[in-house]
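In what follows, a structure is listed as structure tokens, so that the remarks can point back to it.
A, B, C and D label the chains in the order they appear, each numbered from 1.
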Amino acid sequence: MTRIIQLVLSPLIALVVGVLLLGLSRKIIARIHRRYGPPIYQPVIDVIRMMSQRSISHGSLFDLGVVFALAGSLVTVMFIPLGGTQACQPFAHGVLCPLSSSGGLLVVMYLMLLGPLGLALGAGDSANPNASIGVSRKLLLALAYEVPFLLVILAVMSHYETISLTEIVARQQQAGWGALSVPLSAVAAFLILPAMLGVRPFDLVSAPQEIASGPMAEYGGRSLALIKLYGATHLFLVIALFVDLFLGGGVNLATFLLKMLIVFMAVEMINAVLPRVKIEDAIKFCWKWPAGLALLQMAITVLSKSG
Amino acid sequence: MSAQGILITAFAGAGLSYALGLTSARLREVFAIVVSVLLVCLIAITHGQGAEHVYYPDFLGLDLVLRMDALAWFFAITVSMVGCLSVIFSLHYVRGKEKENFYYFALLLVNAAMLGIVLSGDLLSFFIFWEIMSWAAFLLISYKRGRALDAGLKYVIMSILGSCAMLLALLYLYANYNTLVISDLAQQIRSAAGGFPLWVMLAFALGFGIKCALIPLHTWLPDAHSEAPSPFSAVLSGILIKMGIYGFILVMYGVVGLKLLLEVGAPWLHFHTVLCWLGAITILIPTFIALLQDDAKRLLAWSSIGQIGYIMLAIGVATSLGLAGALFHTLNHAVFKALLFLAVGAVEYKTGGVRDLNRLGGLIRRMPVTFACALIGGLGLIGVPLTSGFVSKWLIYKTLITEGHPFLALAALVGTWGAILYVYKLLHNMFLGQLPEKYANLEAAPFSMQLPLMICGFIIVLFGILPGIPLSVIGGIVGTLGFEPVTATLTGFGPQIGPLNTLNLCAAFAGVLLVIVAFRGIAARPKPVSQDDSYAAGAAAPAGKYHHTVRFYDPLERMTGGYLRDWVDQFYLSAAGKAKGVFNGVRRIYTGDVRTYVMYIVALLTFLIFAHTAGWL
Amino acid sequence: MISSLQENLEATFKGVKVTAPEDGRMSVSVPSDSIPVVLRYLKGNGLDHMALLSCVDWIEDGKFELVYFLTCYMPNNTDYAADQKLHVLVRTQVPRDNPGIESVIGVFENIEPYEREIHELYGVHFKGHPRLTHLLLERDYEVPPFRKDFDTRQYVEETFGSIPPVDE
Amino acid sequence: MDRNQITKWLKSPGKMAHKYSLHAVYFCTGCGIIEIPPVITARWDAERFGVIPVATPRQGNLFMITGYVSVKTLKAIIRTYEQMPDPKYTVAFGSCPINGGMYWDSYNTIKHLDKYIPVDGWIAGCMPRPEAVFVGVTHLWTLIDKEMANGYIRYKKKYAAYRSNQEMALGELDWPPLYPIEDETEEESK
């Protein structure tokens, strides 16, 4: 029975927290620009407004792509432990992670590519070259940050010799945070976090000035609302994964969300002040520094494991 | 219905189809389909009957044996299924072209030869069918004359090289164990004291490596695929490449056996680790070359080489999960590549031979079914959850990580992202974006072309949601090849192998999808609008020029384009050039008029007499 | 440099009135058919920059006056001497009823858009111009808009006045 | 969020959401565009009213025309207006869109923008200061509340009239009509 509640609860938490984080990000950026900024719940108002608009459609794939993207991210959230430990029982089932028994970190990695792929297919069908250029940039940026990201995940997996996320979190709660045992991977992961979130330094996918907000050029009304929700869930997802891999997940949901908030604030500080890089420089950067650090950490882990 | 019966129907079918073709085209087409479907049913019936019998007592002192066991059945069903689909597809594709009889005969012959390879119980009949397959494939690759001829030539030269290497290995085995029947050959090798000589394994590896396009031996594949007619290139990259894989598995695990295999090769560098690294390289380089291709079939050809890398990696790891992953990925890749090549063939057929990705676009509006199947095939190739590709890749990654090969796993995973990029480029440039003016009223592909696509799509999704169906068969095969069998539940794997349950995944996905569609239903339904009404900063969208395809991944092309030229191919061509110089020299000896030949004979005789008198001889 | 230029001009061309330059602005009035020759001569003497072509509508005496602004690209900014800062205005008169003149695109390539603009807004036809099409306006007007006899109010009343308002 | 705000939200969430999330499409014509940066940046932050600039008309619901409208620009304005999703509001800056302003007798400026696309709000000032823009925005709120900002409904109802005005000003239009235009015969019968 608790599994059903959790199955409903974790996507809901992801949506609510994601939307609030989006609102918070606009507030933080405003305060850094020394202006007031909108209320925290502004994204909720935006979503309601978009839902009440009647926009256009360029074909069935144009509408379905976005639905797949949101569905993909919401399903991925179910595989990520959101705090709680085997020992204590905040939800009478230990870790808040409904589908942990049917898929580990490998499944999460593959599910995370469902979202961008769905959006890419939808944007491709929008008969607008701005969208196609945006999607080709998104895929290239993904290729750029994926090399270090995979190195990081493989280092963590081979360090804990398991592919199940709940076990990694449980190990970290006993033997200390991941950031301490695989420090270089944590640094590399933090360096590519803005790229995975698509925020300012790597904002080139939905660059409003250059390519008319990239893949979202033709989206309006309810599809745009779904894209906003997808953005929120994807934001929650990436930061939750970062916390689970390196900051030892939360003893309960509250500490988990607190850790997420701290990581999010750090990323937003960077986001508020840095300009946008070109796609070539983004690729060069991602394949040089984060990949180097992660490779070094991987080598150390492999040597220590086999040594 | 034993293996012999299957082979007879296959080869007879090929011959008869040519004969019937002379009388009436309609009859030949019907007959070809009937034979293919019959073969699939025959093989399906013989599931589980392990039979081995001699079908030709003493051929040059050896008896030729046919064997039907789990591994043979698995490959046979794949071969016959993809062969049948490509025959159905080529009904419309070849109609009206010249040399139709020849085309059907050669296609059925290739399928029959491949069945022969898979069902052969001894290495000699294996070699015979191997040669028939190579030659029949050459006939079909150079079907369109012109450039296809040199592609076929390159293919034939490399195949001959591989066959000679394999023949050498066969002779060695016969000399040492004076039998070529696989079952007792295996017993003798395992009981023999010394290990298995490395060079024999290398000879086999060269023969099979050329056929399954491992990285140094892959250069024939891109040309052969892009020049062959589409239904055959589906067969070519779907199953003909898998014969190399079958050869590797047969030799490495069937003949030599696991225990012995681990010692083959120098103590510090084992044969199978080299195979792993070769597989990893074969994943990376072709995938990134595939990104930069502009011709649809050449892109798919490079992607085939990339995916073969996955299978070789899984075979090289030499663990039960790895082998299960390899076998499952073989089946998956056969289905994906058949589907994608047939989809490209359908588009090529409808648009009159256009394969250039920069001149197509927006075909989703005119050919939705072809796009849907190509999408499923593409997602399967990437390995998106809910498709069968995901389960096989999950197996490969799981074994790589638990066996402690993180760098190989990295190569495989980066290969996946490369696959995403080139699959998206293929789908986007052909189906999405703006529809060019001249394809405005292009009608959909005929049903006989859409049927194979739909069947393949259904298989991908079915095995994606319920992977237990193929995995139960594969688990048994792995058991017979000297590993502990892989036990898989209908919907994934139990906790001891690793948490995976695709049915929960599918149910969760479906549930969330329904909730989202319901939530979306609150808002007003959007207004469908034509492709010209897209945002162009207030101006009218320029017709025909508003589609972004040329140099789709331009930044990456600028960064890595220089390094990704096909060095190996250039090396071979330069070597061939130099060799031509040498052979020209030799050719000049034969001047063609009799007097010089008489002079050669006289000179030889004098030399012999002189050598005899001086006591050398 | 200016005084010598003045004598040369009067010496070589008859029927050329050169007024004294008060602040480096020398105006040369020339008959309309000898414009290309004079411009080529001035270009040879260092005035290699055709800055602007403008047109004045003297409606009383039925004339259009075309004014070519010539100056020289400064050799380099530092040692640019005071007297080299010289504008030469070559003026010519064209009849108003069917204004036509030889195009000087052969001498100064960059005059092409200016001639199109004058053609579009005044109706002066430039013989020999490769592409005498519209530059800014989108449609033709029977009286080119910049002419003095173009009654703007009447035109506005005529085109925009007749568009009915859309009631609430 | 006092009591009647909450009741308003519950009664008509769509209208309230439109009020507090006006994503603006700035159509940069004439001299008004230089007034926009101060409106959206630090000193007079428009984001506190929920007004943020968006890249494409597809995503916006507030259409701001900042200055005089030339004949050539009218074509782009109409096309952008028609590409916006349905409940949309138009606000024009300055006097030029109202009656031509100081270009009242110019041969190539549009005198009454309201004859070509429906305009819901006018902000006086040549060009209005940011404070005036905010007054305009808050005034638009009241219009939305009182159901008076229904330019888009008027555009749909009287599309034939708008379309014919557009064709009179611009000649042949090279994009299809947004809403089907019944030909004249049914017009009289209705």
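The criterion applied here is as follows: a contact is a pair of C-beta atoms (placed from the backbone, for glycine too) under 8 Å apart; a residue touches a chain by one contact, two chains touch by 3 or more.
Quantities reported herein were computed from a predicted structural model and do not represent experimental measurements.
Chemist: Quick one: name the chains whose C-beta contact count is the highest of any pair.
Modeler: Chains A-B share more contact pairs than any other pair.
Chemist: Using CA atom means as chain centres, which chain is nearest the centre of all the protein shown?
Modeler: A
Chemist: Taking the mean of the C-alpha atoms as each chain's centre, how many Å separate subunit A from subunit C?
Modeler: Subunit A and subunit C have C-alpha centres separated by 63 Å.
Chemist: Roughly how far is subunit A from subunit D, centre to centre by C-alpha average, rounded to an integer in Å?
Modeler: 37
Chemist: Where the centres are mean C-alpha positions, what is the separation of subunit C from subunit D, in Å?
Modeler: 42
Chemist: How many angstrom lie between the CA centroids of subunit B and subunit D, rounded to a whole number?
Modeler: The separation of the two C-alpha centroids amounts to 59 Å.
Chemist: Hunt down the residues of subunit D that sit against at least two other chains at once, touch-wise.
Modeler: As it turns out, subunit D has residues touching two or more other chains at 56, 58, 83, 86.
Chemist: Give me the residues of subunit B that touch two or more other chains.
Modeler: 524, 533, 535, 537 - these are the residues of subunit B that touch more than one other chain.
Chemist: By the touch rule stated above, which residues of subunit C touch at least two different other chains?
Modeler: Residues: none.
Chemist: Can you identify all of the chain pairs that touch?
Modeler: Applying the touch criterion to every chain pair yields A-B, A-D, B-D, C-D.
Chemist: Write out the stretch or stretches of subunit C touching subunit D in their complex.
Modeler: Listed in rising order, the residues of subunit C that touch subunit D are 137-139, 141, 145, 150, 152-153, 155-156, 159-160, 162-166, 168.
Chemist: Using the touch definition up top, name the residues of subunit A that touch subunit D in the complex.
Modeler: It is residues 26, 30, 33-38, 42, 45-46, 48-49, 51-56, 208-209, 212-213, 216-221, 224 of subunit A that touch subunit D.
Chemist: Where on subunit D is subunit C touching in the complex?
Modeler: My answer: residues 71-72, 100, 104-108, 110-112, 114-115, 118, 154, 158, 161-162, 165, 168-169, 171.
Chemist: In their shared complex, at which residues does subunit B touch subunit D?
Modeler: Against subunit D, subunit B makes touches at 524, 530, 532-533, 535, 537-540.
Chemist: Give every residue of subunit D touching subunit A within the complex, in rising order.
Modeler: Against subunit A, subunit D makes touches at 13-14, 16-18, 20-21, 23, 41-43, 45, 47-48, 50, 53-56, 58-59, 61, 83-87.
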